[in-house]
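As structure tokens, the structure follows; a few thoughts come after it.
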Amino acid sequence: MSPQSDSSAAQITAETAPAEPSAPPEAARPEEPRFPARHYLNDGHTIRSWLLTVDHKRIAILYLVLVLTAFLLGGIFAMVVRLELLTPGPTIIDALTYNRAFTLHGVIMIFLFMIPAIPAVFGNFFLPIMLGAKDVAFPRLNLLSVYLYVAGAALALWGMIHGGADTGWTFYTPYSTITPTNVVPILLGAFIVGFSSILTGINFITSIHTLRAPGLTWMRLPLFIWSLYATAVIQILATPVLGLLLLLVAAEHFFGFGLFDPARGGDPILYQHLFWFYSHPAVYIMVLPAMGVISEVVTTFARKHIFGYRMIAYSSLGIAFVGFFTWGHHLFVSGESAFDAGAFGILSMFVGVFTAIKTFNWVGTLYRGAITFKTPFAYLCGFLYFIVFGGMTGVAVATVSLDVHWHDSYFVVAHFHFIMVGAVVMAFLAALHYWFPKMFGKRYPEGWGLVAASLIILGFNATFIPQFLLGNAGMPRRYYNYQPQFQALHVASTTGASLLAFGFLLIAIYLLLSLKYGKPAGPNPWGSRAFEWTTQSPPLTENYPGAVTVLSGPYAYHVAQSPIALTTNRPTDGGGGTREGGGHAA
Amino acid sequence: MNELMRRMLFLPEQASNFSTDVDHLHYFVILTTLVMSFLVGVTALYFFWRYRQRSRDQLTPDVQPGPGMEVMFVVLPLVFFVGWGIAGFRDYVRMQTPPKDAMDVYVMAKQWMWKFSYPEGPSSLSVLRVPTGRPVRLLLTSRDVIHSFFVPAFRLKRDAVPGRYTQMWFVPTKPGRYPIFCAEYCGLSHSNMTGEVVAMDPAEFDAWLADQRTGFPQAQDSAASPGEEVAADASLVEQGRAAAVRNGCLKCHSVDGSPHIGPTWLDLYGRTETMTTGEKILAEEAYLTQSMMDPLAYVVAGFQPVMPSFMGLISPAETAALLEYIKSLRSDRRGGEDRFRGPLNEPAVGQ
Amino acid sequence: MQPEAPAVAAAPPIPAPAHHFRSWAVQQHAERMGMWLFLATEILLFAGLFVAYATYRFLFPQTFHAASKYLNVTLGTVNTLVLITSSLTVALAVHFVVSNRSRFAGLLLLASVALGATFLVIKGFEYAHKFQEGALPGHYYRLEGLTLPGSSLFFTLYFFVTGLHGLHVIIGMSVLTWVAARALRGEFNARHYIPVELGGLYWHLVDLVWIFLYPLLYLI
Amino acid sequence: MAEQLESSAEEIAEHAHHSALPYYAVWGALVALTFTTFLISRVNLGWGNLPIALAIASTKAGLVVWFFMHLRDARGLNRVTFFVSLGFFALLFAFTILDVTTRYPPTNPPNGFDKDRAAQFFHDEGVPHHSSE
């Protein structure tokens, strides 16, 4: 991810200023798509119109810039950690800096990138469009959630500059209460970012319940909406417990409360219970929207109705619900009772079943489809392989007796990176490429996209397969100085990591360039039957020119008729809106 | 087959009674994972090729799974996952119920070192000696933050939680030296908090234990782990003892009067030693310092001239500490036994 | 929860909804739903503390029993009655605003705010007494009469739970004051009363938490 | 779904409780329950005190939620949200307490837990004592 990514905000406003209304030369093919004259990007150019916007699409763009900057920062810390681990002893930094580097890599990636990434960017942008609504239920709360994110991230950044924590992103007591490093600003930063997550959750659930267009029943909802609904449920029910916990640890730093201080009879294992009650459902906050994106991408590029709509929708809710029963598998070796270990071990198995159902149905969707191999589909292939491999190693780690060997070793590090980078970042990139034409009205270079996708999939495997073997060999995680026999695997992992970083850089470059030089994409470049492709791209500020009625489900590839009917009771301007009576978009 | 899989998965050797069971379940789970991801991958690749798009606006049939397939999608993973969930839990319960006749060893984790104390026997730093074939139960606790006692070769790990005890047990099956790691992040030198489990034959172990219990104060086996710096304000004698251990003096000089490679240090100070040349010299600071720096100048009668020179190896402060330590070794004043007191419950550092 | 509709003076016709809602009833339903979802997060916030209380009460039963004696039960009971009465006045305020008596509802809301203030003052007395006695959390704990293990835990929990609850009382009071000011200006009527209802929901939740805190802290 | 919402909003506005009597009744019940729980706590019923106190507190909470917070005429998701959050609160509570009760006794804080029950797990004469704070 190159440093240009955080300048893309300025780029967007500058780029759209001279909106080229001039139609392309007549010689081009008649249905050569033209860039619409009026759309949400040029609906006000002042900085104030961007920073105080209540349009869900502009808020999504703000989130995109913030989240990509966080990803860049987290990525830099990841490279620092990987470079340090090239040799057993000190390589480029000393032990304390290394401990800070892996902690900040964890905190930034999880709280500032993984949790807000897909819901806040693509959820905010496409939820209202997919519901046929004009905006989310509480637009001003949506803006407040952006500024809470900015405040939390700024506070955490300030903490990082003034010493940063070296406790790992889990802040386990009693070490997090006696660490000499400056951990309190990062705790309070994460607490504030938690509020931004809660507000997004409240916004999504209320919008899905009250803003659906007429005719859009629950069973016609796109599967991306189902996954956002399940994510919002977790965001609302799990985040407050983490908020309380971070306050308790901060209070222990300020006033010496000693609630988890063993010298006063406090119980550090209770801290772990409360922490993982949030943090395990949090990994489902990250992966569920990714699964929603994959359901959309698989149907569009296989041009086929989803295979088992009901099963995928209900397994999203299943993951959200059962995900709350499994937090104890993080405590198997921490002194938890054998009874609880057994209960959590068996319950963790059920969550694995829901992911398996979804994977079988995605592969089933490909059966008898009309598959076009574009970049989002390349990321889908990576996603499929990683979700099966990462998911099943997850179920393996949840097996109690195996976890005793693997707990806190590199096997666990490899597993959760397989899900977080393999599944979620792969889906994030798939979504970024799939919806890039709709969000910015421009096409990205397909060739470069496939090159970058293969680089990322290759680099990812080279980074994390060796870490599975490191874990088996018994190398604990968060080790600055490791035994010499582990070095070969670490060198392999670091080369993979640099390949991965180069892949991300490549994506940043060609996406930013195509923002300016990309050809106009037109309303439906992929020929998809999903709802969001029936409006112009980039969409109008009010999403649809007229009132919207939904005639059928979103994946109607067996009939030649658009799923959405637009009754234009207001005069449609010259823009690329579809014709009266729901014409069939190209 | 077991050896092949173990080597392919980079697993350390199987040195405890649990290792083989855990590894067999491990092979089953990993093989199922590989088979499943291979199947899904191949099916997907076949579909990519077989059903590639042929015409631009090609319509595709709306295929929906029948009830049979839906049930299969649910039951197939459920059976596998719950199956090895239960198998794993059965092994775990065995790991958590130590036999009655297990030998107890108290493990005290302290910021960046391990300390082992046998109930009646000696206590040692970083090196845990256990007999093969006999169950050993560890009672773990910690002095400051959460640590985690992890022996990859035994496939065992348990957190040492401050202020309370957790337990784990094992039966070492293969003699050898296996590394101990700290698996729960515990601060600056978390990665240097290593140690070693030495699995010995029962007879050899009993001999060692007896030897440890008779010799007094025979803590020479407590080789300080690299991370241990004796607290600055510790007495000079204490620093001397640590220096003696660190520099390996106690490998040749006994401290309880028993004959060893070099002359015993018990009651050495103030004694008149007869040299191989017949010369009689009073053992006091000058002679002792010179013996450290240039040992071959005067060799005590009846001993081989094998002592290496420590010139430049030990600092003047260490030399002074060593002298104090030697002075303190008098048979009429026996040091206190280093009995395990259990976790001192004083507040964690820094409060 | 931002009311979009303009105030209406005479017999209240149905106000126009915000641009993205289809009707006023849908907007009201959405705003109520948003508030109930927010209350769910508040319940989960206090859930963490109640679980910590339960764990430590199980581990140190005698200590909690003895430590609870140092709390002033009469002040606790009076505080419970004060909060219950403030819940009544808020419920009455919502009732009267629905029958178009916006100003009277404003007065009732101010009464609730006053009761809330009384609650905080009584709490202040209890805290002052504890500071003198030395029954303080964590390593400030120096209560002579009680040296059982885990005794400082009881007071850590006591101060943190009642402190967090007090903070929520203050937030509730400021919300009710803002709503009371608008009610006194006659902004609300039978059609447009959502802010009063949502402020009332928040206040009832604060009372709900205290209803559980009172027996668990004072009546062990 | 939107149509029946229209009607429900109308009839709530119409049949707003004409008189405020039910509120006073609920208030009276709450005050009475407060005094009962206060008096019952005076009587030492051993382990019985806690369940009774919690039962009374739950009834009081139920009264407040059902009447004061109008959960009675809430529709759809609003009614479900409250009980779902209580459910997840109970879930967190159950598994954490189950863990603390079924733990290997010495893993609970020392002498916060009676010694003899811990001793039989050490199957020797006594738990290695340590200085209590």
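In order of appearance the chains are A, B, C and D, and numbering begins at 1 in each one.
One rule holds for everything that comes next: contacts are C-beta pairs under 8 Å (C-beta built on N, C-alpha and C of every residue); 3 or more make two chains touch, one makes a residue touch a chain.
Just so we're clear, the structure is a prediction, and the values are computed from it rather than from any experiment.
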Comparison of A-B and B-D by number of C-beta pairs in contact, larger one: A-B
By mean Cα position, the chain sitting nearest the middle: A
Centroid spacing, where centroids are CA-atom means, of subunit A and subunit B in whole angstrom: 41
Inter-centroid spacing, subunit D versus subunit B (mean Cα positions, whole Å): 47
Gap in Å, rounded to a whole number, between the CA centres of subunit D and subunit A: 36
Per-residue overlap in subunit A, given as positions that touch at least 2 other chains: 205, 209, 237, 241, 256, 258, 261-267, 269-270, 273-274, 335, 338
Contacts with two or more other chains, residues of subunit C listed in rising order: 26, 29, 33, 37, 40, 44, 47-48, 51, 55, 59-60, 139, 149-150
Subunit B: positions in contact with at least two other chains: 96, 161, 163-164, 166, 345-347, 351
Contacting residues of subunit B [partner subunit A, same complex]: 9-12, 18, 21-22, 25-26, 29-30, 32-33, 36-37, 40-41, 43-44, 47-48, 51-65, 69-70, 73-74, 76-78, 81-82, 84-93, 95-96, 144-146, 148, 150, 152-153, 155-159, 161-164, 166, 179, 181-192, 345-351
Subunit D residues within the subunit C interface of the complex: 2, 5-6, 8-10, 13, 16-17, 20, 23-24, 26-27, 30-31, 34-35, 37-38, 41, 49, 53-54, 56-57, 60-61, 64-65, 67-70, 74-78, 81-82, 84-86, 88-89, 92-93, 96-97, 100-101, 108-113, 132-133
Sites on subunit A touched by subunit D in the complex: 205, 209, 212, 214, 237, 241, 262-267, 269-270, 273-274, 277, 324-325, 327-328, 331, 335-340, 343-344
Residues on subunit A engaged by subunit B in the complex (per definition of touch): 95-96, 99, 166-168, 172, 174-175, 177-180, 256, 258, 261-265, 268-269, 302-305, 307-309, 311, 332-335, 338, 341-342, 345-346, 348-350, 352-353, 356-357, 359-361, 363-364, 366-373, 381, 384-385, 388-389, 392-393, 395-396, 398-405, 407-409, 469-470, 472-483, 489, 527, 557-560
Residues on subunit C engaged by subunit A in the complex (per definition of touch): 1-2, 19-21, 26-27, 29-30, 33-34, 37-38, 40-42, 44-45, 47-49, 51-52, 55-56, 59-60, 137-141, 149-150, 152-153, 156-157, 159-160
